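Okay, got some structures for you below.
Consider the two complexes below, in which chain A is the common component and chain B and chain C are the respective partners.
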Partner chain A sequence: MIRFDHVTYQYEKAFSPALSDINLEIREGEFVAVVGHNGSGKSTLAKHVNGLLLPTEGTVTVCGMPTSNEDDILKIRQKVGIAFQNPDNQLVTTVVEEDVAFGPENLGIVPEEIRTRVDEALASVGMTAYASTAVHHLSGGQKQRIAIAGILALKPQILVLDEASAMLDPSGRADLLKTVEALHKDGMTVLMVTQYMEETTGCDRVVVMKGGKIILDGTPAEVFKHTDLLKESNLVPPETVLLRDSLRSMGYALSDQVLTAEQLAEELCPLLSTI
Partner chain B sequence: MRDITLGQFVAGDSFIHKLDPRTKIAMMILYIVMVFLVKEIWFLAIPFAYLVLELVLSKISLRYIVNSLKPIRFLLILMFILNLFFTKGEHVWLDLRFWKLTGEAVLQSFFLSIRIVLLVAGASMLTLTTSPIALTDGLEKLLSPLKFLHFPVHELAMMMTIALRFVPTLIDESEKIRNAQMSRGADFESGNIFKRVKSMIPILIPLFVSSFRKADDLAIAMESRCYHGGDGRTRMHQLKFRKEDVFAILVTLLFVASLIVILVLFK
Partner chain C sequence: MSIVINHLTFAYTQGGKPLAPTLKDLSFTIEAGMFLGIIGHTGSGKSTFVKHLNGLLPSEKGAVVVDGHDLSQKNERKTVRSLVGMVFQYPEYQLFAETVYEDVAFGPRNMKLDEAEIKNRVTNAMQLVGLDPERFSSRSPFELSGGERRRAAIAGVLAMHPKYLVLDEPMAGLDPLGRREILALLEKLRTESGCTIIMISHSMDDIANHATNVLVLEKGSLFLYDTPQNVFCRAQELQEIGLSVPSITKICIEMNEKGIRIPTTICTEEAFLNWFREDMRHA
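For the complex of A and B:
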């Protein structure tokens, strides 16, 4: 669905490229997390998916359309929706439902159709009750859900979250993740850029970036085998994985599949009886 | 303070509130024409009657109108006194040798003051019953013929929309910066007026920098949501003229016509 083919990107006046020779394919229906420390290039990667940035070398193709082709850019942006980091800086109008309508309005869709799309989008992020509220009365987490609703109203096939949870409080972050997971269950392809490792345990695939390169790419279980490599990249694996590792080093047989607190509890309970 | 975006808008669902913003703008323009057509105090009764009718139909408390007149009270008093002094007339009511109080001067003073009060009150009726968002939509539609003269109507409306959206955000931001500077020992409360104005600089500069960053972020977000200017753009909320709008315009025109007839008859 999305293909990065030997993509290199160099910001003007930067010493080293922000992305160097990236090869990545994201398939339909996948939930992919991209993690990395500040300056690892993960946000630059996200901005390539809908042609906000164009590769210095190599190509990015979305559903067969290269992002470098200007004639296709609106089509690509309709297929790929991006939610950004700052909840305050991505909402355009004062009233919630009008903001959600902004995208479809740009596409020139007939008013009745926009109305149904807005209602559906607000329902799928659970914000129907706030349709006519002013956006500055919402919390950060609610604003991000509205931002996602605004993207859903464009009926995209891929949802990209560019550190969308970074400025939220823990409960806002949990709400956002729940919303995104529900959307994924309904068939949305999701690319989630984040620096919180614990958000990635429910993903299909985790891509770890460091210095503009992909250093790990696999299921969460595979990636969290390499806790040393993660720490080297200044990434903190989830607490539960760290606990699993230290228990293992004490001699308890826990499988690689253990990532969340629930899984940990499940494997530990039988062990309790052996003590 | 954060609700400043609503301006003086008072939400409601009266007959006037439900009118199309374009109708209300047209009504206000016709009303202003009426006020300016009148050259004698007694005939101001007609626009005044119109204003009262509008006020009753809008179910807005008179208090809001009085509040909207507060900012101009000094101007009113000044105008009144100046006209008392400088209007020449025949009917001397009071002769103080250096200055004669004439009947014409008193009449003229009252006439001009009442006219200003009527103008401001009429304009407030528009902003009291129409939300800034509806007003922006109405203006965009009304000005849309100017597009053919390459006047950037859509851009102007989009700018107003974004400005309205970001006013509360920037107020929050300036409050945050102010607190941050105060916690570093900045003093905003003492000194004379010049010193205090100067002490605003540590608030204004960061505010400017952050609004540029916001503008940049917003531009990227808008582009990601397929924004490409006003061409081929539709709106979810369509403005619709209903029969109430036609009725309101007709009544307004009736007022204008009767005023003109009366003015001609009594010339």
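For the complex of A and C:
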């Protein structure tokens, strides 16, 4: 569905490329997390998916359409919704529901349909009660949920989250992740750029970037086998995974599947009762 | 030496009329030397509260007294502002000078210190935050990376030698390495120069690993004020007000559900592994 073919991207005046020779294929319906330290190229990668940035070398294709083809770019942007880190830069009107309606209005959708879409989108980010609130009265986290509702109202097939949860509180982040997981279950292809490795344990696939290159690509269990490599790449594996490794070094036979509190307790408790 | 908060109530106004209070009757004491973590759901009043600690918002009802200086007295505010340093969310947006040196020097210069002392303080503050003065002094703050910019902004506050350092989500938007650098800096400040740290954070893991005390705010009221152990073992109540618990606490809760009686006051990896070694001995 999304295909990066030998993609290199060089920002003007930069010493080294932000992306260098990236090959990546994301299939329809996949939920892929992209992690990496600041400057690893993960946001640059995300901005290539809807043609906000165009490769210096190589090609990015979305549903078979190259992003470098100007005639296709509008079609691509209708398929790919992208949410950024700072919600203040994404909200355009003064009232919550107007903001969510802004995208569908621009597509010329009939008012009744807009109403339905706005209501659904607000419900899925848990902000129904704020429909007629002034945007400037919202906190950072609330604004971000509105920005995401605005994208959902456009009914994209691919949702790109570029550190969209970075400014949310834990319950906001959990709600957002739940929302994204539900959208994914309904068939949405999701590319989630994040710094929070604990958010990635439920994804289908985790892509780890360092210095503009992909250094790991696999299921969460495969990727979190490499805690040393992750630490070397200035990433911090989830606390649960670090504890798993400490317990392993104390002799407890815990499997690579242990990524969450539940899984850790599941495997650890039987080991304890046999001591 | 302490910050005493006594029946503090505060309401924002809209069109001249007071809105529902954002802070309701807060009374507690922040002792010098603490690493206080402040947690609360979005809109619980965390940011509004910390703005009262140096008089940025007036305490109309109730009092905030910093080392004996009552902030309701206008002539005391200047003294308190030299005691309480404030690092806002995304402080790098406030960088403005042409060079890092000039930016960090802005505060000390306003304090009318002499050039030698200013230079001394700027150099020290830059070293503290890990920005080598030789390399960074003459650079533009806008050429720095996100993490470096954040640290430059914090250096500007440190150069004023605050006794209490207040930080509103200092790690927001930083990558894991940047977050660890800031936390290490705060630990260093507290242990080496005895600076009291008051930090709003959404990361329960960071709070569990670093805070000596935790303040939980809920809809403007004090919900809990205790050690991290005694706060985080109340997982159910925290969940009800939209907060989570540290990863390690979650593991302890799961283990209890499976019949292993590990205390849920355990909230750090170190404590967990310690319990484990103890438990092994008993076995």
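The definition used in the following text is that the second predicted complex is superposed on the first by the 274 of 275 C-alpha atoms of A that agree within 3 Å, B and C clash if a C-alpha of one lies under 4 Å from a C-alpha of the other, contacts with A are read in each partner's own complex, and residues count from 1 in each chain.
Here is the rule we use: a contact is a pair of C-beta atoms (placed from the backbone, for glycine too) under 8 Å apart; a residue touches a chain by one contact, two chains touch by 3 or more.
Not measured: the values here are computed from a predicted model.
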Touched partner set for A:N89, first chain B, second chain C, both or neither: first
Contacts of A:L272 with chain B and chain C, given as first, second, both or neither: second
Chain B versus chain C as contact partner of A:A221, first or second or both or neither: neither
First (chain B), second (chain C), both or neither touched by A:L254: neither
Which of chain B and chain C A:C63 touches, first, second, both or neither: neither
Partner chain in contact with A:E105 - chain B first, chain C second, else both or neither: first
Chain B versus chain C as contact partner of A:G141, first or second or both or neither: second
Those residues of chain A which chain B touches in one complex and chain C touches in the other: none
Chain A residues within the chain B interface of the complex: 47, 50, 52, 74, 77-78, 81-82, 84, 86, 88-95, 97-98, 101-111, 114-115, 118, 134-136, 147, 150-151, 154
Interfacial residue positions of chain B with respect to chain A in the complex: 2-3, 5, 133, 161-162, 164-165, 168-169, 172, 213-214, 217-218, 220-228, 232-238
Of all residues in chain A, those that touch chain C in their complex: 37-39, 85, 139-142, 163, 166-174, 195, 197-198, 234-236, 238-240, 242-243, 246-247, 250, 261-262, 264-266, 268-269, 272-273, 275
Chain A partner contacts - residues on chain C that touch it in the complex: 41-43, 89, 145-147, 172-180, 202, 204-205, 242-244, 246-248, 250-251, 253-255, 257-260, 269, 272-273, 276, 279-280, 283
